[in-house]
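What follows is a set of structures for review.
Two complexes follow with chain A in common, the first pairing it with chain B and the second with chain C.
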Partner chain A sequence: MSLAETSSRARMRPRFDADRLLTLACIGLPLLGLILFFAYPMVIVFLRSITVGDSYGLGNYTEVLGSSGFWRATRHSLAMGGATTVLSVLLGFIIAHGLYRCAFRGKWLIRSVIVLPLLAPSLVQALGLIFLLGRNGVISRMLGVEIEIYGFWGLLIANTLYALPQAVMIIGAALVLLDARTYEAAEVMGAPPWRQFRDLTLPAARFGILNAAFVCFTITITDFGNAAVIGGDYSVLATEIYSQVVGQRNFNMGAVVGIMLLLPTVISYSIERQAMKRQQAGQITGQEPYRPSFAPLRDISMAALSLLICAGILSVIGIVVYASFVTLWPYNMALSPKHYDITLAGGYSSLWMTIFISLAAASGGTVAVFLMGLGLRRLPKAVAQPIQILAAMPAAVPGMVLGLAYILTFNSTATPLYLLYGTAALIAIVNFYHYHTQGFLTVMTGFRQLPSALEEAAGSLGAGLGRTARDIVAPFIAPMLVSVFFFLFMRSMVTLSAVVFLTTPDLSVAAVTIMRLDDAGLTSQAAAFSTCVMGVVCLAVLSMKVTLALLRRRGANKGAT
Partner chain B sequence: MNTWTQTTALSIAALCLAAPTLADELTVYTALEEEEIAAYVEAAQAAMPDTEINVLRLSTGKLGARLLAEAENPQADVIWGWAVSAMMDPQILEMLEPYEAAGSDVLPEKFRSGDGKWFAPIGYMGAFCVNTARLEEKGLPMPSSWADLEDPAFKDEILMPDPNSSGTGYLHVNAVLQSMGEEAGWAQLAAVDPNMAQYTSSGSKPCKSARVGEYTVGISLAFTAMQSIEEGYPLAMVFPEGGVGYELEASGLMASSDNKEAAKAFLDWTMSDEVIGLYQTYKALITVPGVDASEAAEKAGLPAEISTILADVDFVKAAEDQMAVKDKWKEKFGR
Partner chain C sequence: MYLTVRDATKTYGNFTALDRVSIEIEKGEFVCLLGPSGCGKTTLLRLIAGLTDLDGGTITLEGATLSDLPARKRGFGIVFQSYSLFPNMTVAENIGYGLKIRGVRKDDIAARVQELLALVKLPQVADNLPGQLSGGQQQRIALARAIAVDPRVLLLDEPLSALDAKVRAVLRDEIRQVQRSLGIPTLMVTHDQEEALALADKIICMNHGVVVQAGTPEDLYHRPATRFVAEFMGISNLLAADTVARHFPDLVPTRPASEDSYLACIRPEQIEVTPSENGGAVVRSISFLGNLRRLEVESPAGPLLVETHGGSPYHTGDRVELSIAPKACTWVVDDTVGTEAVSA
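So, the complex of A and B:
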């Protein structure tokens, strides 16, 4: 036995070397991208933050740290980040748990509604909340009391709406793969459902929950859009950056705040890593997909809660879609299609380009995070750790800072990267790296559930990394890859903050058209255009899902014959 | 997975090839309004058939950020119709090359720079946007001056842009300070501060919030007010007694332009009789002597002699004081 093992190892040595090369490529290509399109621009931002006059120094930092406005904004940002994180992760867990661990009908409905905030342009969410909950909103008028939505609570709702689908995506990645056999064993041993939940589900989901918490916190403290429209006077760090850069054309000070925003993120990520160390990675071998049986109390309450959250999301977005058909919200409620006659700001022309860019960002991005996840599993911890931190960092950079960093970096003839400036490719790239963290952490959460024994078995059966990746890992990770793809696609269709600085006179995207229409005072037209964008995204996602289902069926048929 | 990577690589390569860098094109950065841009560019294109005019439209603040970020390798040939208070930022002036556009010499000195770096034949005004439906519902008196907004009945009913984030915010603050004098001006701002529901980061947002009935008064822009009234919102546009703030829309030549002939021709065109005729359709504020804004003004219900409602603004002083005023404002009223 041991002799056979040694000889087979000896035979496999050349393949292992080829494997090492493949591992290097797996990790090298995405890492190169991450360095060129994230780390390098951020270094340039850092240099701007320490530029004082014509030399370098810490003057900008002392000035920012000495201002009372900065500390107030920091307190607000941390409080808002914390509150949004708690709320989104809690609700996100409830929904993900409902989707993957409970038995009730109509999950497709929850699954499709929960992603709506991702494909809604930020204008839609802001308008929806104001039309619904504003001082002159539908609910205020119905109740006859003016709800004061502007400030902490409005911002908390807006941020949670945006963070929730991302929390569901990441926590879902942890729950979808739990092995049924452990639950069967627990059942046999007489463990009551709450013990199963506490001792099996929760620990298994911990990695996902921590990752989701990290993402929610980070995207909340970097968000400007919600803070500007619904935050009222509740100043946060992202509004500080806007005021420095856009209001006062004071680039270097804006860069300082941008760099400071990285701090809480790096700290929280390190804490998370520390927390994860105590949990043993990997699972027992042999996966049997968990098929929940109907438990009335658990399932009905879970379904009800999920439906309630979905109803909230639907009403916020639905009211804007409805308002886009209203003659003059809220004063003339007669229905009319007139707002869909859009001629200014380039009309509908930007829509098709945006689809193209989003598909490029989504497909390229999905491949990149998959390769990176694959490669990271095979790297020693000491090397993998810093790469992981770098890969998790992009969410900590506000879109505006990233967009301006891209101008500073790629509009310089010093490097051949200049060729990218002003191209659609650069917009696809900035969209991917802007949302790199979420894609990366979702895939990593999925990989975490992948039993390493499975890969080892494939390896000892003579499968190289390439085959293992294709035949073992990819099918296993496929659900996460699909959700990452759709996530990147949907965000690329509507994200504005970074892209607004990279469009050119003849290259515009849908989100910029929406902003221009709104800038021109044509808010209803902006809502109409947003509705079209959401419609197109829904159609695109639907057709891709149908294609996927058909492919799967064909694959299954082939397997059967 | 292989074909996936390949198609991605291919499509990215195709995208790179589509890079838009051709020779006889003119790149114009502007903050004018969409509707007028469309009309002007159509006319300009007819006047300059051999040059392809590419226009990038961004709001005043974002355009400034973009220009500064591109400073190392500027992409624009011309800055067209951009707030003069932003233009007078030394970082921006440094990028401009003096050029006296044909016809710009008729402008009073106040409306062009001494060294020929910018000229401003047009401008825009601030205004109060008052939602008449909400005013009535709340039983509030129609305000006609800044002092009227001190009335405690207006508590939490007024929005104004933050001068630290918005050029429109500074436009109003500066007008109050310059028309009332430093001391009285700051006292006036302090007196309305308790009634301010929010200081917003966008200049048009106060008007947009007021028009849908979220608040009663939005201290904002005349353009947004007029546009909202035209759409049918129950809105009244009020110019505060004692003078409303206004801003010049200046143009200038980028020193880095590699197509200066076309850039100069375009700047000349922005002072041509043809376009001045168009200004009369779209602009309430025209600084060219002898040209009244009758058409646009009448449409908006403005007095024929527009100068009667404008504050007496010294733009050079406004630019010089900018930093100090914004800092002081933040210290006193920052939230």
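So, the complex of A and C:
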């Protein structure tokens, strides 16, 4: 080592320090997980897509691109994605506008109904539609008409119901950003209500609408549950992967279709992230919330429209619950609990297993993103940024592709990772990494709100990293951690797309069981099982609300003396 | 010397935040780092606190180098502009936190907290959460938290900037009182020259990452070394050498060298003004500032600012005579040539 090097090393201070070691562990462990359980499987799926026989080549791609089935599925996926996006953004804007820019009572009702589709596996919308509009559906029989619900239209409605909550939340968040003073200024300057809508509300929602459109498009083309249940002959890319892999055991071709599905989602996701940044840049602090005053024409029509949409959602979900109690749909409509006696497809064991897996994914995941956020704050920007980008990437990967990547990676005896294959741990892991981005970004939002002066103050009082994390950071972002925990739990309870490849005859999860029951023609039992899952998830929502309320109360009580 | 910073350098990319800055603090001294935003004063404070790493130079405390010591082991106290109380802890827990980390017994912590609450004149708020206190109260608690651990140095980063004028004045006096009574060497960052003049034993005036002048408040106000200091430390009339020679020849002998770039600096209250029918200057405008009046006078030497106390007999348009005593004039280096002029 030369003299110059020695002195520059001395300035860099390669000093042994427990805090630096702890920082390394904080960042290292979650990063290792990301690489092992996200980056590595994604590389494998790519390599498999270009594996032909014993060598690499583009043979699989030319074969897929030459098949009419692939092009039909692509056309269908794009058409379905486009139609669902237009419809759900339109309806989502109506509801968000009603909630945040109109004055009427009963908003709590709309708010609670609108999130219902998020609390159930995506195939529940499809099940509900079949009970309503299928051959033996309530509405079909009432009107005495034969509606062909399997196919484009059924899938469009099911997907729209599934995407709608996201659209409402994203557009609503954009509308909230525009504060009351802006409207007051416009009012004073003489702008009539329609001009305020056109010149203020719409431009404010612009990024929200764009963002919502990309999110709706992505979740539509990647969703598997609805397509599997109500798609019928209308094949889409997600079902195409499933039939390639599970139907024809053709893993390499499945990998090719997976990579093709990855393209639009990656593009859409990166545009969405850009839009989000623009929106955040426009944010101002210390705003005055907008309180709309009653305008009869606007508010009554908006309330009516919103309630109508909510009635639609409620009837689709409600009919599933109702049908699960009907003795023999549609011939004997007497109520009985007999469908809850599920013996096929492993009975309720998969429900308990799913709860266990979801708890594991939620607790492990929450700890992992917390440590990561803690470590990232202490890393130089040049190092932190690439890690942040990697941590935000899983959202761009459709569940089907991630699941496929897992089966290709962990079902191969080439590495000791094989030991994980077929275990509940692997399903918990895939669930966490499937929803890693959302959890990570939520925690990072919490960390951004934490003033660095708090940690610096603790530091100059003598607190090390461990102590600061426990006494200062964790209490500060506790609400975020609670949200992340329950988010991961609920998503793990209902997700189907990634886990569908990883279940075995001995180890199944709830959403897969529902699909199996429906496949076997036991629609009423599928409904009963769905109702149980929704019950568990609703319980989780309730616990989350109670926990967050307790956190607030504890804070308030502490200062009340 | 108690705390010594020698040749401290810090760069961010192409931007040099600090360029070989050296300062010294003696035991019990109250030192203010004064300068406009971006001058490097906060960076210097953070380097001393150990919150930012040095790129070059040394910091020593009683002869021992601090460079390798992380912030938590320096035993300093710090107060930020943004209060920065831990929102999840009560006032008492906030103040006692540093002692708790040091493993002090619970009873002793409680006693010390009560003592400190009395010192900052808030004995009733021990069980409140920070969010329930006003800004001024929060900042007092932050001060109590910083001094609870008997810090070797107290660092104050614009502690009064977020408060409104009245509270600021009261808290300013209290900080001074507490610091005097405890004798803690204190370094405060501020951009408010009035605050620095009122509080400091020594002011270190900074600009563009270097120390421009260090000295007592009297020194900096009455004997500024450069145009920047003169303009930053209150209002001044700056006259070029040839203007002085033509209109105030009495002042020429006070000039230190025959350097043309020197400017004469005369504070507005140092100019004597007398009403005179055939005086060479005219009152252009009058600002009433309560305890004094500031006149803008058009004189043969150019526009000048003059301050008078007591009931002023002047009106706009009055003719006046101006005179300046030689000892009222200081010559300063014009260091703002080529850069944006900074006026107070």
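As a convention for this text, the second predicted complex is superposed on the first by the 317 of 561 C-alpha atoms of A that agree within 3 Å, B and C clash if a C-alpha of one lies under 4 Å from a C-alpha of the other, contacts with A are read in each partner's own complex, and residues count from 1 in each chain.
Here is the rule we go by: a residue touches a chain if its C-beta (ideal position, glycine included) is under 8 Å from a C-beta of that chain, and two chains touch if they have at least 3 such contacts.
Since this is a predicted model, take the numbers as computed values, not measurements.
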### chain A: partner with more touched residues, chain B or chain C
B
### Partner chain in contact with A:S460 - chain B first, chain C second, else both or neither
second
### Task
Have a look at where A:L344 lands relative to chain B and chain C in the superposition and call it first, second, both or neither.
first
### Task
Check whether A:I407 is in contact with chain B, with chain C, with both or with neither, and answer first, second, both or neither.
first
### Task
Using the superposition on chain A described above, determine whether A:G535 touches chain B (first), chain C (second), both, or neither.
neither
### Query
So, A:P505: does it touch chain B (first), chain C (second), both, or neither?
first
### Task
Report for A:G106: first if it touches chain B alone, second if chain C alone, otherwise both or neither.
neither
### Summary
chain B and chain C footprints on chain A meet at residues none
### Message
For the complex, give me every residue of chain A touching chain B.
### Response
69, 130-131, 134-136, 150, 228-229, 232-233, 235, 239, 242-243, 245-249, 251, 327-332, 344-345, 356, 360, 363-364, 367, 404, 407-408, 411-413, 418-420, 422-425, 428, 469-470, 474, 500-501, 503-507, 516-517, 519-521, 523
### Message
Which residues of chain C touch chain A once you look at their complex with the stated criterion?
### Response
49-51, 53, 55-56, 67-68, 70-78, 80, 82, 84, 86-90, 97-98, 101-102, 127-129, 131-132, 142, 145-146, 149, 155
### Query
Which of the residues in chain A end up touching chain C in this complex?
11, 13, 15, 17, 19, 451, 453-454, 456-464, 467, 471-472, 475-476, 555, 558-559, 561
### Task
Mind listing the chain B positions that touch chain A in their complex?
1, 4-5, 7-8, 11-12, 15-16, 18-21, 27-28, 33-35, 38, 54-59, 61-62, 64-66, 68-70, 72-73, 75, 86, 89, 91-92, 133-134, 162-167, 197-202, 204-205, 207-208, 212-215, 223-224, 227-228, 231-234, 323, 326, 330, 334-335
